[in-house]
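Heads up: the structure comes next, in structure tokens.
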Amino acid sequence: QSTTSTKNSGLYDYLLPVLKQDTGLTVNVVAVGTGQAIKNAMRCDGDVLLVHAKASEERFVAEGYGSMRWDLMYNDFVIVGPEQDPAKLRQASTALDALTRIATSGAKFASRADDSGTHKKERALWASAGIDPELGSGQWYMETGSGMGATLNTGIGLGAYVMTDRATWIKFGNKQDTTLLFDGDPALFNQYGVIPVSQKKCPTVNAQGARVFTEWLLSDRGQAAIAAYQVAGKPLFFPNAD
Amino acid sequence: MARSPRYGNLPNDANMLNPLLPIRFHDLRLKRRHRRVLDNLNLLIKDPGITVIMGPNGAGKSLTLRCLHGLIKPDRGSIALGALSVADSQRQQAMVFQHPVLLRRNVMQNLAFAKPEADHRELIDALTAVNLDDRAEQPARLLSGGEQQRLALARALLNQPKLLLLDEATASLDPASVLLIESLIRKQSQAGTKVILISHDQGQARRLADDVVFICRGQVVEHRPADAFFSHPESREAQAYLAGDIIV
Amino acid sequence: MARSPRYGNLPNDANMLNPLLPIRFHDLRLKRRHRRVLDNLNLLIKDPGITVIMGPNGAGKSLTLRCLHGLIKPDRGSIALGALSVADSQRQQAMVFQHPVLLRRNVMQNLAFAKPEADHRELIDALTAVNLDDRAEQPARLLSGGEQQRLALARALLNQPKLLLLDEATASLDPASVLLIESLIRKQSQAGTKVILISHDQGQARRLADDVVFICRGQVVEHRPADAFFSHPESREAQAYLAGDIIV
Amino acid sequence: MDALTEAFRLIITLDPDLFEILGLSIRVSLIALAIATVIGLPLGTYLAINKFPGRRVLITLLNALMGMPPVVVGLMVYLMLSRSGPLGGLGLLYTPTAMIIAQVVLITPIIAALSNQVIENLYQEYRDTFYSLGITGSKAVIAYLVDARYSLTTCILAGFGRAIAEVGAVIIVGGNIDHLTRVMTTAIALETSKGNLTLALGLGTVLLTLAILVNGAVTAVREFAKRRQYA
Amino acid sequence: MDALTEAFRLIITLDPDLFEILGLSIRVSLIALAIATVIGLPLGTYLAINKFPGRRVLITLLNALMGMPPVVVGLMVYLMLSRSGPLGGLGLLYTPTAMIIAQVVLITPIIAALSNQVIENLYQEYRDTFYSLGITGSKAVIAYLVDARYSLTTCILAGFGRAIAEVGAVIIVGGNIDHLTRVMTTAIALETSKGNLTLALGLGTVLLTLAILVNGAVTAVREFAKRRQYA
């Protein structure tokens, strides 16, 4: 089980053949939102969890579903929006400033609103900016309740701002007149974790394969492979396993 | 029109054994759209042989036969066939409808459908009896009107019923087919099958009937031996019917 | 059986003007499943009045009428009605089928469907003419067999056709209805409508026919004035048919 | 079982969000169904009773369009209505109207193809009589529709089922935007993606209950009318 | 237009991924269709020709189940097959078998409800004759199915359309795993979420072409048989 963002970024298509070469392991990827991925794993429908929502992940481990959680890599979020940039995001200094500009300018903002890691991050940012976007739900705050790609499609169709992870954005095919308007604030960094599902809770789990997969990801070979994955000349993920 | 010789239909041993006799309709009542289409109909058919039902259009002849065959449950009243109920006797009955319904298959398959265990020879014989053996492979629904009627009759006879019900079964047949069918019916009757048929054709009724039941407005108005009925109809309605006058 | 008086059907002025006469079938040929069901059929109907078509089951009578009405295109040959083709004359024709198809509506609506512009009075009159006025509100498909046939006839007459085709239209009528319908047909014919009807009923044919067409195996075998046909049928086939013998 | 409890809870607490979403679902589906019926029934009938070259091809195409993936329909409507698309000026994207358009495109072929079959069967029976009475063109179409009215309800109910259950197309053109274009099916998809399976199943149960009620009502009316009239 | 070019490119380059996905789509849909037909046709027929208390309720339910949201079906099958579910031991989740199961659940009611209507019409005509000939039970069911065979193809094609176009259920139970459970519709959904709309539409065009081919073949066979036999 994995989140959609890693899947859509094409990372697996690059990593899995290398993994196969090194270990002989074949991995099946089920890409769903972080929330669904965790719940699916709680039902033992998955061997390894690769998601990005640290708090939920730690609860997953604490409740005994996962044996152990490791930091794997990070990437960062960016805010994209229409070329004309009605909220003047290009001039924003911080992420909080950017969100405040959107909220006060009357421009639209499309949120995934699906309990995904991205959505949780976005909600945390709104909270620290002291804004409750729910009040504008359906007027300027568009809760699409969809995956990253679908939300981008919707946001672009609406001429709205969208917060997305950089990887998905770079590979996204339907950009039309939407462009990257804000990035670089460390508040937008996004930590991915990897958790093998516990054999105690789920006796049917492929623990052997899970361990091999996890160890390979955390090994120098794996970390190097992650760093080497580039799209359009840019690295998308930055390995940071300890 | 040439008349075929009138065969006697005297009850013989086989007839006496017919387990579906006597047939007794008791106070049959049927309502359709606030109209009593069968109105306390009483009828007792004791004897074997051929009973012809006559009566004006809409009198309730077809409905009566359908009740007897179990296709319609009357609102009130009862029907008994010998010691049997309608349901228990149904497998020993066969019926040919006013507008026969043939399956979307060929002539042979239509027959085989009614008697799956029959072998080829038996089916061909049945077709030959109604002069349709050269149509065996033809789609049944593309037969001419008269051919369809003959096929329906062949199908009804296939299972050697003890009671054969015919609702204007010769209405669209040519004279030769009419005589052919009539002789088939007579043969069947002599072999012990009780036959009840509806007909508007007085010639046919005179040729075939042992007794005539005259139905009018949902009631049996007259039930007498054929000779008596045709020579001296008793009821005003039957007199008018035979004379071709309109009965209200 | 009582005979209604035979009316003369002499051509009067109205008849002479019928634009659909003469009706000419030329070398009509129709194949169905490798069998020639119409086999170079030639027929010329010059006179107004009532033409009766007779012939054994499966002879091709219904198919001939269907070709004339435009329901079937013959494989070869032609049909002309006066100066008109089948297609051009079709709106002036009406046909009553062997098994009439009624709509899933009530009796009144079935009539109104054929002539939407007719007012209530006209429809009631048409129903009264076939003795069905008390059935106006009843679902047409629940009528008895004979009642359905009468309704189909009323529907066909509603638009005052110049050519009326009847395919065994009285086969399931009671004697009174038969006479009623026959007098309707006769009236229609005297008013200038050409009538062609198929019938197996020799009594009816004698009562109605001005001329008789005898069809056998897809060909016209005999076409003569009615009196001549019934007193001295010329062809072997017609002799056999009238005698009730099987024709092969 | 949990799903049933959840559905029950949602209904008896008169959850306002639920009723907003449910209301929109019903509105969108019924409007789309009405439009698709008005187009599909005469179209299917016309193709059943008129012979012309290419008729078989058209019927085959209709049958094939029953297998049109909703996502593809959604994308096509999206591209039409998107700001850079030909109808972008109307500003219809992400409105209930867009969802209705997508559903009409989806279910019209279904209603047309199914009614085509129903009418074709009736045509076998009525053809000669209608020809003889000179009933052609739109008069014939209407007559067939009237006489097949009871059988056609099943075709329409199949269309309704597809409309009310449909998610792939409406989520693309509607966007599943809360308080604007969120309907039952997109809400179910959302709760599923959040992992709230019980809530999702609860919503599904509510939707299914709605479908049963609608179908029950239609069947009841139909049976009543049938009995008062006749088959 | 771009979509057409894209579809054309995918096909003429004999893209191996495309053919793998296409093959799985066809396999899953046809197997599901076969199973749903074997269950649905006799079921619909049985309900059309047998009177028993609750029959109307069952038919209404079948009609309503045509409106079963695919996501809900997907969830139910998911919960059944999940490793912690009652059938978890079989290890079927995220396999083509799981997708077939979900599709069978989805399309059996469609085939049953539509065939029910077709057979009910035939029943009006055959009822008395069958009763008179003593044809009941499974013999009657088979006879009705045989005699309605041409009309029933439309019901089956409707089921096929739904199966081949379906995405909501198969993505949940299949998981859209590359080289394992990815079918055309889930691939289209994936490309859409990546914003590759042209590719998505191209795949959609390929799928639609397939649907047209299948429908064309069925129609042709049916017309041929009809002409050799009769309606």
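Remarks
For reference, chains read A, B, C, D and E in written order, and residue numbers begin at 1 within each chain.
Convention: contacts are C-beta pairs under 8 Å (C-beta built on N, C-alpha and C of every residue); 3 or more make two chains touch, one makes a residue touch a chain.
Worth saying up front: this structure is predicted, and the values here are computed from it rather than measured.
Common neighbours of chain B and chain E under the contact definition above are absent. Between the contact lists of chain B and chain D, the overlap consists of C, E. Pairwise, the chains sharing the most contacting C-beta pairs are D-E.
Among the other chains, A has the CA centre that is most remote from the centre of chain C.
For this pair, chain A with chain E, the centres built from the Cα atoms lie 36 Å apart. Inter-chain centre distance (chain B to chain C, centres taken as mean C-alpha positions): 28 Å.
Distance from the chain C centre to the chain E centre is 50 Å, each centre being the mean of its Cα atoms. For chain C, the set of residues touching two or more other chains reads 142.
Residues of chain D in contact with at least two other chains: 78, 172, 189, 192, 197, 231.
Chain A has residues 147, 150, 153 in contact with two or more other chains. Here the touching chains pair up as A-D, A-E, B-C, B-E, C-D, D-E.
Across the interface of their complex, chain E is touched by residues 56, 59-61, 63-72, 75-76, 78-79, 110, 113-114, 116-118, 120-121, 124, 151, 154-155, 157-158, 160-165, 167-168, 172, 184-185, 188-189, 192, 197, 200-201, 204-205, 207-208, 211-212, 214-216, 218-219, 223, 231 of chain D.
Partner chain B is touched in their complex by these residues of chain C: 1-2, 4, 32-33, 55-59, 62, 98-99, 131, 138, 142-147, 150, 167-168, 171-180, 200, 202, 240-247. Every residue of chain D that touches chain C in the complex is listed here, in rising order: 125-126, 128-129, 131-135, 143, 146-147, 229-231. The part of chain E that touches chain A in the complex is made up of residues 82-85, 88, 91, 93-94, 175-178, 180, 191-199. Listing the residues of chain A that touch chain E in their complex gives 4, 8, 28-31, 43-45, 147-150, 152-153, 171-175, 202, 204.
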